[in-house]
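The following blocks contain the structures, represented as structure tokens.
In the two complexes below, subunit A is the common chain; its partner is subunit B in one and subunit C in the other.
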Partner chain A sequence: MKLSPTSNLSASLEFLLQEISGLRSQWKSPRRLRVDLQAETLPALIELLKGRAGFVHLSAISCVDWPAQNEFELVYHLWSYEVKVLVMAHIRIPRDPGIYLSIYDLYRPAAFFERDIHEMFGLFFEGSPDMGKFILTEWDGPPPMRKEFDGEAWVMNQFDWQDYQPGWLKDIEAKGGGITTRPEDVRRDKPKPWDEQS
Partner chain B sequence: MSTLKNIPVVSHEKPSGGTGNLLANVFDELMAFCRSRSLFMLHYCTGCGAIELPPAMTSRFDMERLGIQPMVTPRQADILLVTGYVSTKTLKRIILTYEQMNSPKYVIGICSCTVNGGMYWQSYATAKKLNDYLPVDMYIAGCMPRPEAVIHGLRELMENIKKGESDNWRDYYRRYDHYLGNQQRLFGENWQTPTDIIGEARHYDLMGPETLGPHTALLEQHQTPLKPFEMTLGLADLPVRKDEPR
Partner chain C sequence: MRPENYQSVNHPPSNEFELFFGPNHPGIEGNYALKVRVNGDEVTSARADGGYLHRGFEKLMEGRLWIQNIALVPRICVPDPVPMEVCYSLAIEELGGIEVPERAQWIRVMQLELSRIAAHLFTFGGHAATTGMYTPMFWGIADRDLILDLFEELSGGRVYHIFNIPGGVRRDLPPGYLDRVSKTLDYIESRLPDYDNLLFTNKVFVHRATGVGVLNQEQALEWAVTGPNLRATGLDFDVRRDDPYLVYDQIEFDVPVEQAGDAWARALVRRSELKESLRILRQVVAKLPSVGGPIRAPIPNPLAWNLPAGDVYTRVESSKGELAYYVVSNGGDKPYRVHVRGPSAMHAVQVLENLVTGARIEDVAQIMFSLDACPPEVDR
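Presenting the complex of A and B:
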């Protein structure tokens, strides 16, 4: 069966998705389809969509950390220029050991997304060409976008803070400058000039 | 200049200590005046503050009437403008750029982010205090400062240069151990720049009590000796015709 934008789109796409077992689909809007499926069946879904429905564009892979369930959620955003539908395929994988398959052999851009997720969440993709450092080349701490990473505590430990320098303001005031609008002038309870006009 | 006192021959004590030669100070004053009137600016556009610089430089606010103009290379620049948040990765490049510049050199931190991290105070990847890593001469606070504020700050810097008060670039040599310590804390113990700051300080007689210390000792342990960069054409790698004589 070939999909075309003129045919009954949702019915044809859902007919196609029946081939994957244990899949739940939900239309978020006329052109956005959310798909929840088992992690093992995701490569089959992607091959199906790419081969039979023209989903040639992998927009992004995003990752969500669910520490309460001890799971990572991966979302594969696939776009078809032919049927003009965005499919968001959600899978859940256990946080430990946090290893999943790469889809680099199906989509070359996946290498960048997977490398980014590996850097930010520590999730390893087997078969991805490069799992080296990507953006955070100066970083050797834990993966910073995991929920258990306390960024504030890390910052407090790593950096010093500027001391409050009252002399700086006095210098400016001596030269005729200074603060024109103080915090108490912009309080919410204070009536605003535009309130009186109305 | 109605009285002799107001004639700017000796307006203040020189930090190095005068030799008693009045003429020397006159030349110093003249040099400081000329220096303050021809500042070449290298703007390292790290964050959003960079967007205020095009109007400040071009016809609307026209910085060039003050003798300030953008310069393309660090070797020829006098001012290093850091215009916004400084990520750890960028900070390395800023330090390399700063060390390439010729003395006297000045650093201006524009935007709140260079003062104390600004709205990125919680970010693990953003350096908070620029003056921990570089000797900052002037901060222009604001998020972002308007071109008027930028020009005001630069005029203040010009005044300071004219009066001989802005010499934080000496501080980088005198307290190199302090700056290097903060850099090592962020980048790790193996941090090394291709510029030999200690050697420069020795050569130009800028050594201070804190030039050498525990952090520079650590640097000397890890330091790989600097080598001249060899340029080769790499002709062997080029594809050649099969019948071409080798």
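Presenting the complex of A and C:
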């Protein structure tokens, strides 16, 4: 069966999706279909949607970290220009070892999203053309978008406050100008004026 | 790359050399780099290098309240900030089940279209400048300033408005505001023939832009190209019309389409879109006085606002293409995860690398600007 915009859309899409075992679908709005499925069956769904239902546009791949369940959730947002529906396919994969298959062979834009997820979450995609760094070129810390990564604590551990007092600034400050707030005054652990008042 | 980490590589003798476009280059909006290998005048390979504007918005948003993030999102795209605010607000409203009053929706449409005109004027100028014509750039930026004046009057901010909040908009229109919008529209409309004479019928520009950076429709779909770049390849698609949000289904407008898919076609699509945006704004100006009612739906105390658990994917048509937010809530007072899908993330990396390969050196900057990529959207 092939989908057409004139047919009863929701029914035919759901009919098509029945071919994937263990799939649950839910219409969130007339143009948004949420699909939950097993990670092993996602390539079959992608192939079915692209090959037989006209979902040629990969809008995005989103990754959500669920440390309590020790899982990553991957969401594939696929849009069809013909039937005008956005399918959001949700899968869950274990955080350890954190490896999944690339869909680059079917959707070229996946390369960007997979590279981004690899960089930010440390999740590796087998078969993706380039897993090299893009945004965080010289970053050697842990993947920053994981929930256990605390950016503020990392900065506090990693960097020292610089006491920036060159000679020319000292001259200005002697006359009452320049930086009026000293680095020790902005430390987080120092009590603030409003703490003392309350 | 930090200079201290740069190590020179001894390449075997060849007549190729490596040329760096950026990270500070007038041929692209913002800090972005393109490393091209050049053989004579021809580009043999290209590699995009982003991250110079990475500020970690997605991580920052996880640590801030739902309402606080409104101040963060417009910074993701400097030339066209309103779609960011609106898209994020739409996501929160859908999660929280908030119905936006009709007047607020019309005010949002007005801002979106004003922002689109401002962004397109900016892009025309930049595109012309990459072909050596600097006058359209000065004109475009001067005319864009009039729209920034309107935004300043409305919201207090010229570039970042922080005006669209979950539930509606912050304030109602000042007295006489629509007249001033109308006058600005008249002025911009009167300027369009000047732009045509200066740029769009200018033989130098036409010859420089025709046949450069050609993208056919099949390639465009394969590489997830959206927005004006996609419409320049002949595909008649616009999120405003085909996946409508706000009150766009009540507004009459055409979706301009070109067939050639080159830099010239992309410029023409933006030129026609400018006219359509003026047409939409005329309808908004005519309609707004008759739409009464509140400008904001009541929302709970935003400092202790727990949105129900769930996830939502909202899309809007920004001046660059399809902008989408994937927002996940776990029932808390802060977003659990926000994923920003900027249209430029596609255009500035894979598409740009492909289009530049095989082009001539003098067209590289023009291809960059004709794709209208916004680097902060790539880096987030």
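The working rule: the second predicted complex is superposed on the first by the 158 of 198 C-alpha atoms of A that agree within 3 Å, B and C clash if a C-alpha of one lies under 4 Å from a C-alpha of the other, contacts with A are read in each partner's own complex, and residues count from 1 in each chain.
The rule is simple: contacts are C-beta pairs under 8 Å (C-beta built on N, C-alpha and C of every residue); 3 or more make two chains touch, one makes a residue touch a chain.
Remember, predicted model here, so these are calculated numbers, not experimental data.
Visitor: Touching A:Trp161 in the superposition: subunit B (first), subunit C (second), both, neither?
Guide: First partner only.
Visitor: With both complexes overlaid on chain A, does A:Phe124 touch subunit B (first), subunit C (second), both or neither?
Guide: neither
Visitor: Name the contact category of A:Gly151: first (subunit B only), second (subunit C only), both, or neither.
Guide: In the superposed model, A:Gly151 contacts both subunit B and subunit C.
Visitor: Report for A:Pro109: first if it touches subunit B alone, second if subunit C alone, otherwise both or neither.
Guide: After superposing on A, A:Pro109 lies in contact with subunit C but is clear of subunit B.
Visitor: Considering only touches as defined above, state whether A:Val64 meets subunit B (first), subunit C (second), both or neither.
Guide: The second partner, subunit C, only.
Visitor: Contacts for A:Trp27 in the overlay, against subunit B (first) and subunit C (second): which applies, first, second, both or neither?
Guide: So A:Trp27 meets neither subunit B nor subunit C here.
Visitor: On the A-aligned overlay, A:Glu138 touches which partner chain: subunit B = first, subunit C = second, or both, or neither?
Guide: A:Glu138: touches subunit B and subunit C.
Visitor: In this superposition, which partner touches a larger number of subunit A residues, subunit B or subunit C?
Guide: Of subunit B and subunit C, C contacts more residues of subunit A.
Visitor: Where on subunit A do the contacts from subunit B and from subunit C line up?
Guide: The answer is residues 135-138, 144, 151-152 of subunit A.
Visitor: Any idea which subunit C residues touch subunit A in the complex?
Guide: Going by the criterion above, the answer is residues 1-2, 5, 49-51, 54, 56, 58-60, 63, 221-224, 226, 235, 237, 242-243, 311-313, 315, 322, 324, 326, 328, 336-337, 339, 341, 345-346, 349-350, 378-379.
Visitor: For the complex, give me every residue of subunit A touching subunit C.
Guide: Residue positions touching the partner: 28, 31-32, 56-60, 62-65, 75, 77, 81, 84, 86, 88, 107-109, 111-112, 120, 134-138, 144-145, 149, 151-152.
Visitor: Going by the contact rule at the top, pick out the subunit B residues touching subunit A in the complex.
Guide: My answer: residues 88-89, 92, 115-117, 121-125, 127-129, 132, 139, 182, 185-188.
Visitor: State the interface residues of subunit A toward subunit B in the complex, per the touch definition above.
Guide: Checking each residue of subunit A against subunit B gives 135-141, 144, 151-152, 154-155, 158-162, 168.
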